[in-house]
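The following pair of complexes shares a single chain, chain A, combined with chain B in the former and chain C in the latter.
Right, the complex of A and B next:
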């Protein structure tokens, strides 16, 4: 069973950065990658993430599942864009260099290919950094850092708590579905939709009921220990910022500034090599 | 003596959703340094009383309070739940559910974090509290890496991190194996001596709590306090039995033998109860005149597991070389610590997982080719909590579910469901919604929904978890009746009473292998097995030794047989 928040405990300079630093860097980095379609910047970000991974000592096997998942999504995204907007590149870059004709609207143009290249780069420049964040930040540190950047601690803590309970609920789902299978509930794709919905309810209703029990216990436990007493709280996992934290944040802020500057210089989000 | 920290005076409470008060005219005082056990059957109001003490009532569960309840001299309803929690620290029943933090350290730090305690004080206090309960080496561990007993220690550390005057334990023994439960009672005792706090324990397992000295026992039933006295006084009377609390087994045995149990004999512990020569002779005579039960005829072999080996995908080897056999019509308990391989064995039996080596055969035929659904026609599996199984609104539909998914017509289904409802004593409720039933009745519904498939073997995970003596007896008598109809019953359990009273045999797992398979009297008197499987020696055995009965194991067996034949008439 896989945990969505796949924290991998290892010792590395990136692990040692505070959660807040990593969250702020993630936000700055992904804003930079999101605001710009400048190929040069995206390529630079993509290349930059390679040494970062090496430094973090996160291995391919730690992230292979999530990486595969997002790559499938990326391919799907590209196919759909081509299917529904084959001329999008042409309209962006304003020129039209036809390479092949697949019939109907589906012309393959240099502009469209270049646009897809940029789209792929956008994925490649953001996914590694998100994975890096997920693998090097403890969920509770994540909550503490959300609180640090201004999210209310009750909200931040519920996020951490949800992460804490995901493995439990996954396990419970698994157990319930096995016991229901024994009673003949099948979730296979061979069934008709109506029947599958009914099967799903035979697993989800017990899951919801037992989760409700869990919620009552946990909320009592939290209240009895003073959760929500004050407007603020301290965090056991919180750590003070050090030089490396400030440097990392400053560097990511520069990346965002570069993205904004390029947008200004290019007169838009796209860098156009065709004119 | 010092002033009471908690004082109920003419106190009553009624939940908004209910038409009757849950607590009536409560008079109770708890002083600093005292250790008080509050016991009573399910629904007697003891949990409600606990909620009043820790402030969940009236601040989280709304209702009408009458009379007065003062905590550290101030009226509770004028305080808030947060203020009360400065005086009263609560360890809830479910050690897993109340684990708030992602690691041990964070969980212990939770309360001071909410008080905005900063560094370095926060780390110091966490380390001190962790050391006090002996989890100092596990600070960075996640809840999943801890045993049940360790989780409970962490919960305790989480309240000791603040300086509270009252430690409130809500059913501390509920989810622990016998040996861990014993350690928990010892730990509570030790912590009380170290901190001088008042301790209030809510629990219906009297004998287990009395493993260490208790100053007073408060017996409740139907929302009232029936007795508030020393354990010795209470054990000498009949109030416990009349109110559905099980007496310690050695007391019951003494009573069978005709020994007068009086308070001056100090009966609250088998260790120091005063028995004179005459009393001991009575016990020996009882043993000599009680005939052993006739041996049961050997039945044919039904289920055979040979050389099972199973490792999870993360490499954890849950079973190694496990072989065992079950005969037709058996009623056996599968026992052992958490992680000994009991649940894995159940999963293999039901086909939820497949063993890497070994075979399981049913009545001589290998089950390897059978699907989960096909196995369920032979081996029915009942999960621990009915909430994990019930998915239909109406009782009839819930029981019929397994037949409907097997494609039977409604005409075929009806007689089978009706027959099952009758066997399970659910016939009067056949047109009720499931939500109107009590916990014990829901449990019956889940058993019925499995029985309707007519399995030859029924496998139950902790069938009596969270049940008081009366409901426990009800469920077990029901299973016994099914067993007499020829059904083989296998129960995974931590409950030693259940083993002793109902199971004829105990199958003991330890570390992925079978270490014993013998009558329960033999298991619970064998020191080596008790230690390895985290069980607890029965007090009957100690009684036999103290009274000079030569064969302690036979004495235990005789007691079980006597209860079955003479007291329950089975």
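Right, the complex of A and C next:
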């Protein structure tokens, strides 16, 4: 479990917040970063996440692996944006300051660079908070907190089941895959694409059929214990809110309010320094 | 067959776990460098056909969101929602199938494939790019080309894998009316 979602067990003020609080804060924070393209707000969010990391006592080595993935994704996305729309910044900001001409439509403009800067900031302002959430929230508490914020408990229970069975299914997939490989099934680059897909299903079919049995066993067990009889249920991992919980939720609500206010003041999602 | 709501809850949980495992750990290299074939949509199509639109929608939503979480780049909402839409549409379009009763004829196969094409087209040619523009303000031609690639490769893989899964599952079930009461 731990190696998948990277939950790091440590004692810190952020770990002590309830799962529901952290989930609400994550949602408010990411909506703030999502709705606004205001450079000042995005930069503030990015800088703000640095002390939060310090408080949570999460070390760089805990998250470096996940950061690597993200950086590749970010660079790739920026390259793609530039390749497809080198004039996107100009059309957003309405002015055109040319810095260099690479021939054809490949103009490098101040506006385009500024847009890319914003795009990068958008990643940098949301990724740390997601990492923080993943590292400080225990998966079972996450499922309980979904119910707390108003998700129907049957759906929250589905999430709990998914988290519970991911390691089992992963192990089973691995076993089936090795058994099939021992029988000569090949999924690497050496095979033709259609063959590869065929071999994938040679692993998938036993996996799915056994999962169907699993679904039957689990739902029978739950039915026998009277799951779904009442409108509410209690959660082992649920904890009551404390002062720190209310404070952090209020703070994140302010961030979202700031984002909406800036959108209103800027007359759009972008903050335009060129006019 | 009428399914009990508990079966749907469990199917969503296990389905999302399967979706997660396939998305996260199963990498089949594709001809385009640095991209992998996402076989999880074949699974999603099959699960949606078997357990209905609600299950399809939530498996797509939960499975994709969990996978995004574990990669650590935050949740890319536009694509998560597109996965959920695909699952939901697939469940609606394939509700006539009777896999539970061991039936998957040629006609059913054609219906299933048409459903896959329509649901993927709606999810990746429309929903994902439009949300990318609305949420992330990315350039239109880039997101539509991305959606086109994702959609076409998803149609191919889920068409092949989904129908293989349906056929295998139906074959493993006893046919309705295959047993007769003794006179």
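The rule we apply is simple: the second predicted complex is superposed on the first by the 271 of 275 C-alpha atoms of A that agree within 3 Å, B and C clash if a C-alpha of one lies under 4 Å from a C-alpha of the other, contacts with A are read in each partner's own complex, and residues count from 1 in each chain.
By definition in this document, a contact is a pair of C-beta atoms (placed from the backbone, for glycine too) under 8 Å apart; a residue touches a chain by one contact, two chains touch by 3 or more.
On a predicted model such as this, the values are computed, not experimentally measured, just so you know.
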First (chain B), second (chain C), both or neither touched by A:182: first
In the superposition, chain B vs chain C on chain A residues touched: C
First, second, both or neither for A:138, with chain B first and chain C second: first
Partner chain in contact with A:243 - chain B first, chain C second, else both or neither: neither
First (chain B), second (chain C), both or neither touched by A:225: first
Partner chain in contact with A:162 - chain B first, chain C second, else both or neither: second
Touching partner for A:70 - first (chain B), second (chain C), both, neither: second
First, second, both or neither for A:196, with chain B first and chain C second: second
First, second, both or neither for A:100, with chain B first and chain C second: neither
Contacts of A:233 with chain B and chain C, given as first, second, both or neither: first
Contact residues of chain A, present in both the chain B and the chain C interface: 160-161, 163-164, 201, 205, 209, 214, 218, 222-223, 227-228
Residues of chain B defined as touching chain A within the complex: 54-56, 59-60, 81-82, 85, 90, 92, 94, 97-98, 100-103, 105-106, 109-119, 122-123, 126, 143-144, 158-159, 347, 350-352, 372-373, 375-376, 380-381, 383, 385, 387-391, 401-402, 404-406, 449-450, 453
Chain A residues within the chain C interface of the complex: 4-6, 30, 34, 37, 63, 66-67, 69-70, 73-74, 80-81, 83-85, 88, 92, 119, 122-123, 126-127, 130-131, 134, 154-155, 157-166, 168-170, 173, 187-189, 193-194, 196-198, 200-201, 204-205, 207-209, 211-212, 214-216, 218-219, 222-223, 227-228, 269-270
Touching residues on chain C, where the partner in the complex is chain A: 4-7, 9-14, 16-18, 20-22, 24-26, 28-31, 37, 39, 42-43, 46, 58, 62-63, 66, 69-75, 77, 135-142, 145-146, 157, 160-161, 164-165, 168-169, 172
Of chain A, residues touching chain B in the complex: 138-140, 160-161, 163-164, 167, 172, 175-176, 178-186, 201-203, 205-206, 209-210, 213-214, 217-218, 220-230, 232-237
